[in-house]
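Structure record follows, encoded as structure tokens.
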């Protein structure tokens, strides 16, 4: 066995272990000096990213991978924790690891002026580990544990600027919401455990009976994870925390929100997939519920975004609207389970996860750059910055076009998949999706005007372009956006469709555990 | 004989514990409640723990292997109670006085003058 | 006035080593009796909290210092994950109990069924207990220490503002 | 692969010229006709060509508060995006050059780009008048996009119900004219309603009276184009012309995709193409006449919140009624 | 290969970009036929304000919250309700969670 | 009682009802239906992990990864608290 | 250094008490337990050395421990029993006459005053409420004050805690 | 299961009554110190109850919990006391 | 036989906690509510793993007459609960530190006044 | 059996204390009630044969939770304010 194969074999464990190790060592390393610490953190993030890409290439070529912690042999029944990495898991992992790597790079200059940075970087790595754990795990309780890691670390990071009351308030709201949500997830896990004496997702999915208690567990899981993913009307924590966190943190928060969204995907399609597939519960019921909530999410997100005057809050509401598109994808995929357009909608939803992460992430980074340069977030007090910050404004235009789904950016590709499939369920869905997309465009044109356009304001005369590390992070995202926008077909075929297929084929997920001796 | 001793000790212990509860409910103010709550429970727990120790010793004598551990650990728990309880009571009493709870129907209150005397 | 009365202080000083040795006992016997790294750690941290409440946070901060505790926490966490990684290198997979049954230091298999318990069983479990123990002691105590210190600080500030 | 690339290159050049020439031509006709309706003589039909020529010879002023690179780029981007739409639209009997590479949704989005370019250009010019005009343009855009989306999705939905694939592709729509797909009177009424709505949407899309609040010359002195002059303004002028052609062709394609050659049964290759092209130009002319010229002459300008109201409440409701009619089409049949 | 096919439509960005490039070149040439120069120092680069005196730069800039006034005006009722719902109260956040949970319970449990 | 409270009470009572239902529908207290996984752990704990304490063997061996997560959470919380109070310590 | 050793030894003894019956190698302990116990005691001793022992090595004398045991089992336990019967009487009848009095037991050491305070808390009708840090005077809450005790101030400690201070002086000073 | 099982259980049920009384004091307690007194009493009784449970089940090892509680309940009492006497932490 | 009282207690605890979060106006009450929910969930997990007449799954000094495995309570829920308790402490500590900060800035703990972020 | 009544009575106690933890206006009283609840919960864990969890809950609930709550109350405000 060559060493690279050895690494690939153990990469699911290492993907979690390395950021954790990095996080535990960061307080020690930071005693050596701030530059060494930054380099250390970036190296850890890059190593993690490298492992994720290795694993991804393996998963996309060879199918589902299972990693059992503690012992090689899987006994019947499954007693040990196992990681089960399929298409959607690794798809989400790629997004998370990309975002955290970019955040680490972006933080180099962005956070330079503040104190408490060793803890900041520790929490950054912990958050990465938490998201990756949520996405790769195949065990319900482990999912809960990583959910908590993610939410606690992100809460602390949201409240990073403690001298501002708003940041603390946002952090408190976030922690209340996520604590309640996580507790209900735990309650649902306990309900499932009490009935089937199993914690493994595959085992549970194999034996689930859909009794009344299972219904309650389902409701709790979907609602709690939906809240953590920002489903309207449980989205109100989202603009608060997104807007008050430092921008580099907001970038990862996008990933954390999407990890919760992944939870919804996993619960709907894998854990309760058999229930839907066998028709015990009509997927219409749940699907339409999610579809309606998704439409409300899109509409409220975008209409609230239009009237905001705080830059980051506005983007946060736009992010809510974008989340609605993903939920629309899930909902239609669930409602029309088995049809081709349902599959297309699911593809679109999954693809949009990637695009949303990039687009909204880029916009948040731009907002952070503006804040870095001008110490200003109020749209009413800005103007004329396109003169001094040419690169930033270019990146903003790219982000604007992408988030509004204008061709040829990546947002258009995924939205096209959603528009051209959801109309078959009901034309209204498509119509509202299209309309909201235009509204999003309007929202960002407003931002574009009030931040970058207009006469040069005297107080911004000395504004400089932001340092190189920030430009680098934004540039990487912009590049990825354009590349994905130009070759959407390749991306959809090679990454998105395997991910969506792994959601639909819940039997594969189950049988993979059976085939290695479990259940 | 041995068994009877155990029963008697248990009886005393429970009697004092219940007494503590009643005293806790009946007395008029914090300090007197502390009298009941601390003293009686401590005393009661001495007896109950003592009887448990006796039970364990008896079983050890009868051939149980590990009951000595039970006896020892119970004794340690008892000692812990004995050390901590009066201190806790003292702390509460002092805190109560400082937080402004005056002893109800007090005949004499020397503590009132403490701060003044220092000046 | 950040100390409690003399009685409390004396008792705290007397009780402290006993609670601490008891907590360490709980940590060390995690694989035999109820308890383990976390429980024992919580007990030791409570012992430290006892000192904190009896002597005040300034005193405790001078004695221990939050930086040193943070380092201890990092070390504990590092040992824990390092043990897990050793499982990958010596055993086969992450978190493998590679010492169990290897008849090395902690590697015996106990008599199956009820027994009085040997210290040197359980593979890496006792080591992990200690690692988690260190971590939990440092972690929980840092939480209390920092919060107490901050509350003290705020109280002082409030007093300054009023007076 | 190389064949389609070649076709694309040639098609782009040809269609760009076609679009510009016919756009200006229709503009001239429109002006002449409206003058006649208002009992004026009006300019000659070639007047728009002259205007463009004159603009090219004028100074291209970049105002002080403008951001030059955006200010200059916006007109160009708008014109380019508009021209690219032409490649997706079937003109007469010609298949669209990029028929397999884009669909109605794409056109919907590409139609936004010229307006967006105008908006961005307006914002970039740094003048309050232009800013107000630009934001009005944006609001108008939001407003008319709702009924437009309903129309497009309804047609696609109907076609999909009939079992077609690629329903968003214009080639599919031209192959199945909407009037033929309706299985009863309800469907016909529904499509008629949609047609009416689309006709009302068109002036909004082209910023013509009564939806020309962005360029209201009496209030904000030309609106978002106030700072533009010279060749940049010429670019916008051309954009407007091409866009007029495109909107009209869209109506033609969606609702009147009939070709004269099919009706008359003519088979010759060249004659077919020529006949269809001429018939197509005629259809476009008629559409422009009804949806631009007549409306422009007939009514007065609306306030900006009235525009939103008009598009979002009456027109949206109307088009939703049309959608409902189309959806219920199969259930209600004439005995 | 480069295009995505949704089953109801398609989109090939590469060809579109090709079109854009060619058209851009053409139009750029057309544009460069026009006159480029202007007198940079004269009054003509001042923003056109119908002859009104030029304001301060801060006031010249239309503020972000003033944009889309018409949109907000025409949807006033909707926004009033919406803003009331976004109360910023932590308890309300959890309340909405409970509400959705209750509705979902009823949908799943009763149906 | 404000309108919000009335609104809340209605939905809150529905949720309460469902929780009580679920409590009533649980398996009878003290007799879990299905215990395969745990029986297996109880039977094998001494042999596989060498520890007498079943719970510890679950915590550190069978579900050791959860414990890593738990330790991480504590670490996270500590880092968070220290981060939040960093300004207070300076003065 | 000496404090370190003392703490370590005491901790080790405690540890041995806790782990009785762990084996048969050394009477009822096993080698491993003793080894681990030594290590843990060293750790504890190191950490707690300055807290536990405060420049006062009087308590090393084993005779003092003997006296302490005698004290606890003899007068202290009797006093405690009396106290409880007294409290039982008060609880049942509800007759109380409380007050806070000051006594001067004249004990010098911290340990002594602590022991006395705890003894007082556990014995007849009294509860130590506060302590004068400078003069080691105790303020005692007395549930049933005797009239004759109030004549002299501070109150003679004999009324409150019969002979305890004497015992304690023997133990702790 | 030992020979004193039933006796110990009777003792236990009586202790539950004591617990009830302590809880009533916690609930009623007009001032905070009263509540703390109730808590303190509750602590002691629960420790005793744990000891008795351990003896009744004849499970030696679980008596450890009682020791933990006996030692640690003291700390929480001290914290509350310190708050009440107005000291800074 | 005893009619699932512990399960109902679990439901009651969760409901009480939710009540505290939704209806009480004080932030510390909110925090206490979350603690109560968490206690309820912990109790639920442990109750799930209880087997009537079982003993803890610990082999040290085990009485001889226990049948294995049916005579022991389930170990996994206990392990889960341990994790959950630690998480509870972590969350509690973080929440309370945030509460302290909020009080520092806003000078109040009333939920209705702590809403600078809205709309 | 008598022991089963413990499983009825102690949960009721837990619920009672938790209710008062929520209802008391004095936050210190609430903290005391939470401590009592935690204590009873620990007892319940104990009689549910989970000594490990009981120790953890004892260590955390009896000491640390109360300590943190008290510190927080000290740093903020003791009484719930009324508006």
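By written order: A, B, C, D, E, F, G, H, I and J. Residues from 1 in each chain.
Quick note on the criterion: a residue touches a chain if its C-beta (ideal position, glycine included) is under 8 Å from a C-beta of that chain, and two chains touch if they have at least 3 such contacts.
What you see is a predicted model; the values in this text were computed from it and never measured.
Each step here moves to a touching chain, and the least such steps from chain C to chain H number 1.
Farthest from chain H, judged by the mean position of CA atoms in each chain, is D. Should one ask which of E-F and H-I has more C-beta pairs in contact, the pair is E-F. Averaged C-alpha coordinates give centres for chain B and chain H that are 10 Å from one another.
Between chain A and chain E the centroid-to-centroid distance comes to 23 Å (mean Cα coordinates, whole Å).
Chain D and chain E have Cα centroids separated by 21 Å. Averaged Cα coordinates give chain E a centre that lies 77 Å from the centre of chain G.
In chain D, the positions touching at least two other chains are 64-65, 103, 105-106, 126, 131, 135, 138-139, 142, 156, 160, 168. Shown for chain G are the residues in touch with two or more other chains, namely 18, 21, 117-118, 128, 130. In chain J, the residues touching two or more other chains are 5, 7, 31, 50-56, 59-60, 62-64, 67-68, 71-75. Those residues of chain J whose C-beta lies close enough to touch chain F in the complex are 7, 50, 52-53. Put simply, chain F touches chain A in their complex at residues 18, 21-22, 25-27, 32-38, 40-41, 48, 61-66, 68-70, 72-73, 75-77, 79-84, 86-87.
Taken in their complex, chain J has these residues touching chain C: 51-52, 54-56, 59-60, 62-64, 67-68, 71-72, 74-75. If you check the complex, the residues on chain C that touch chain I are 32-34, 36, 38, 110, 113-117, 136, 140, 143, 147, 150-151, 154. Note for the complex: chain H touches chain J at residues 6, 9-10, 12-13, 16, 19-20, 23, 26-27, 29, 32, 35-36, 38-39, 42-43, 46, 49-50, 53, 61-62, 64-65, 68-69, 72-73, 75-76, 79-80, 82-84, 88-89.
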